[in-house]
Amino acid sequence: MEIASVHDLAAASRILADQGVFDAAGHVSMRHPDNAERFLMSRSLAPALVTADDIMEFTLDGESRDARGRTGFIERHLHGQIYRARADVMAVAHGHSPSVIPFGLVQVPMKATYHNAAFLAAGVPVFDIRTRFGQTDIVISSVERGAALAGALGDAAVVLLRAHGFAAVGPSLQAAVFRAIFTEISARVQLQAAALGGPIAALDPEEGRKADMINLATVGRSWELWKARVTSPMERPQGERI
Amino acid sequence: MEIASVHDLAAASRILADQGVFDAAGHVSMRHPDNAERFLMSRSLAPALVTADDIMEFTLDGESRDARGRTGFIERHLHGQIYRARADVMAVAHGHSPSVIPFGLVQVPMKATYHNAAFLAAGVPVFDIRTRFGQTDIVISSVERGAALAGALGDAAVVLLRAHGFAAVGPSLQAAVFRAIFTEISARVQLQAAALGGPIAALDPEEGRKADMINLATVGRSWELWKARVTSPMERPQGERI
Amino acid sequence: MEIASVHDLAAASRILADQGVFDAAGHVSMRHPDNAERFLMSRSLAPALVTADDIMEFTLDGESRDARGRTGFIERHLHGQIYRARADVMAVAHGHSPSVIPFGLVQVPMKATYHNAAFLAAGVPVFDIRTRFGQTDIVISSVERGAALAGALGDAAVVLLRAHGFAAVGPSLQAAVFRAIFTEISARVQLQAAALGGPIAALDPEEGRKADMINLATVGRSWELWKARVTSPMERPQGERI
Amino acid sequence: MEIASVHDLAAASRILADQGVFDAAGHVSMRHPDNAERFLMSRSLAPALVTADDIMEFTLDGESRDARGRTGFIERHLHGQIYRARADVMAVAHGHSPSVIPFGLVQVPMKATYHNAAFLAAGVPVFDIRTRFGQTDIVISSVERGAALAGALGDAAVVLLRAHGFAAVGPSLQAAVFRAIFTEISARVQLQAAALGGPIAALDPEEGRKADMINLATVGRSWELWKARVTSPMERPQGERI
């Protein structure tokens, strides 16, 4: 799998804003390609505005290695503790997209409504911060909260945060972005299917496992399209076609 | 808290139009920074078109101090009477966004579906103009109607107007804009959660109180993004980055 | 009330496309300002593309007076027969906007969910072409079908066409455009309120009558905004401000 | 019926992306105008980016005749086997639009909610790949799977693929594009009508048959509008008006 650059990470942030998964908040990170004990993530900034200069390097405990006056997101611990708990995870995206939040508020489990959402077929856990931390400000603002969230995530691709949002992880930056986008879209589909009534013939776990392999193999086609939308002509490599 | 300028107030109007909270109507005001007995508000104009030249000054009873041929909104009394009743309120936004109106028509109370809507956790009252004024044209067109609405608002951050819209208030212009936007978004989330069925694990009042403090401390990040979208390059201060 | 020009009629067509009420189809007409037995309407063309040169003149029976090689819409009889039946109607808009169609398919009556939709408070009849004409192609393609539709409209401001769309009428071009737009928006609001369950505290008929007078008096503010969005700078009168 | 060119086929791909029927995936094909045993289809590429240079020629069994280093879509067998089974079909579109997917997941049949969706009135079958192939990756990646899907389509205009998407066919490229777009829009309408409750007075089969003839005769008006949106000025034939 190709190693993503800080330019790709900045593009990922703008992509998730452009695709409606991030609003004025939301953040995406990737594990450092040369040091598994570090991760890269934007300074605290609206995700639509992130460029490569905004990318900071953190230890897994969320300590900045190159602040240069820049301030990290409070919720960097959500990212760091997932990287600590899950050696297979190379990227994490966290957002509050409107169609996903309902599934963290009710007892209806999220399903994989179609092949693009295959990564949901293995199950989507819900993290309720009250269970361990009581009445809080909801923010994943400490190592302890991050670790508890990573525990709730378990082996899954996506975890819902009650009254907050979700986190999607993947074996590459492109995969995490793909999963964040289709978590939102599949949620929309499921909301509509639920309104029709009756059981939902979603993907079986085995179908999900097989379809996810196809998705991971073809994610580049979606990535290139999404990236082209958030990249100005001057930033594009010479001769790249849009 | 930084004091907002008339340029910010005009931008707030365009922001709320750009974000889909205002349509061809809707208005936002702020208390005069130097005179608590006055407030500033656009002349009667589609909110997407408002610039600093359109801002008028009013007494709390809605009398213009600097009309210069300009006509104020009929509903300026909604603003004036809230400033009179609530010394803590520095800005008011009133709109008719489509996802909020349903909650003024049925018995289901609005909830704070996620941290960005924390200000809703303390409860959202509904004002039915019929209770006191009978069959009207619905418009908050007098001091008396404005005062009754302010009474219904009480200590809340948002009040719903049956078959009309809502008003959101805040301790700063940025906060009122933030609340108006997330009133609409949280309403969308709640409509979808309600369609799934069962109780909704919304923010508890204490969670809401704590999360709202975070929101107020970080509202600038959202504000800058929203403002950049409605500000042309020539209007931006030298060197400001978008 | 100011008399609308053919430029306004063409703008009305583009406005209704821009606002999502018209798709690749839909048409708006106005009674001829100098001859109550004629009406003006675009040639058959996607509504987003209509300019003043596309406006044709028809008798109330749908005969063209100035074809010059241009072809009228098949459904011009919907317009002509409403002008014949309703002397108070100066403009008619007919579209198929997605949120309105459901109310022509089920037994739930449309309500006036808020003041902008006040014109719906007096009731919204449904026209089922099967009742009189049996199994048809649904199109209002004859004087007879148009007259039957006008009969179903009666004194109302809006009539729903089962499995087809709706027609909105008004005492001016601006009013008909306003009503077409807020028929669609109010339908969206009602769909959401219905999903929450329980009765809907919509506008009473008397509230609707009063609020509609306000709407008709202030429609110019919305019109100017909508028109600015579909008018290129070169077409604007000298000095007009956008 | 006018014969479509490879430029039209490329435009069809961009139209379906522009209209929200295709996302980063989705593909449309047409039968070769000079050889009924061949079909034309884009190389594997995001549909919004397709131009005439991307169009490849395939046998009905999905073998490329002019690859020149280009890679076809895995799912070209969906297209090829429909052309084999249905001599009347001249174009096929396959996408995953969000409002259509729910109808492949539940027991509620799709209806023709209005005249533009008349082609649905004869019934919309659902293809569940599990029935014949068990637990798969969902993709129509072989002649066998394509043939099974074509069998499920039967004489219909549209077939739903459970947990996957849909395919729409037509007697011309323009008709297939029109049907793909209005399959999505009618699905939205039906989802909303279903939420209101009670039976839905959709088009009867006979109404559908008659209305579809009108649609096929007037599809050019919609096509021109859609095409103008995805065609840059330099690509337009001299003098063509937008």
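Letters A, B, C and D mark the chains in the order given here, with residues in each chain numbered from 1 onward.
Note that a contact is a pair of C-beta atoms (placed from the backbone, for glycine too) under 8 Å apart; a residue touches a chain by one contact, two chains touch by 3 or more.
Predicted model, so just to flag it, every value in this text is computed and none were measured.
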Handout entry: Interface composition of copies chain C and chain D: same or different, split at half
Key = different
Problem - Length of the line joining the C-alpha centres of chain B and chain D, rounded to whole Å - result: 45
Exercise for the section: Could you grab the centroid distance between chain A and chain B? Build each centroid from C-alpha atoms only and quote it in angstrom. Expected result: 32
Exercise for the section: Spell out, as numbers or ranges, the residues of chain C touching 2 or more other chains. Expected result: 195
Exercise for the section: Take each protein chain as a node, join two nodes whenever their chains touch, and name the resulting shape: line, ring, star, complete or other. Expected result: ring
Exercise for the section: Going by the contact rule at the top, pick out the chain A residues touching chain B in the complex. Expected result: 23-25, 44-46, 48-49, 96, 98-99, 101-108, 128, 130, 135-139, 162-165, 191, 194-195
Completion exercise
Given the complex, residues on chain B that touch chain A span 112-116, 118, 185, 188-189, 192-193, 195-204, 206-207, 210-211, 213-214, 221-222, 224-226, 228, 241-242
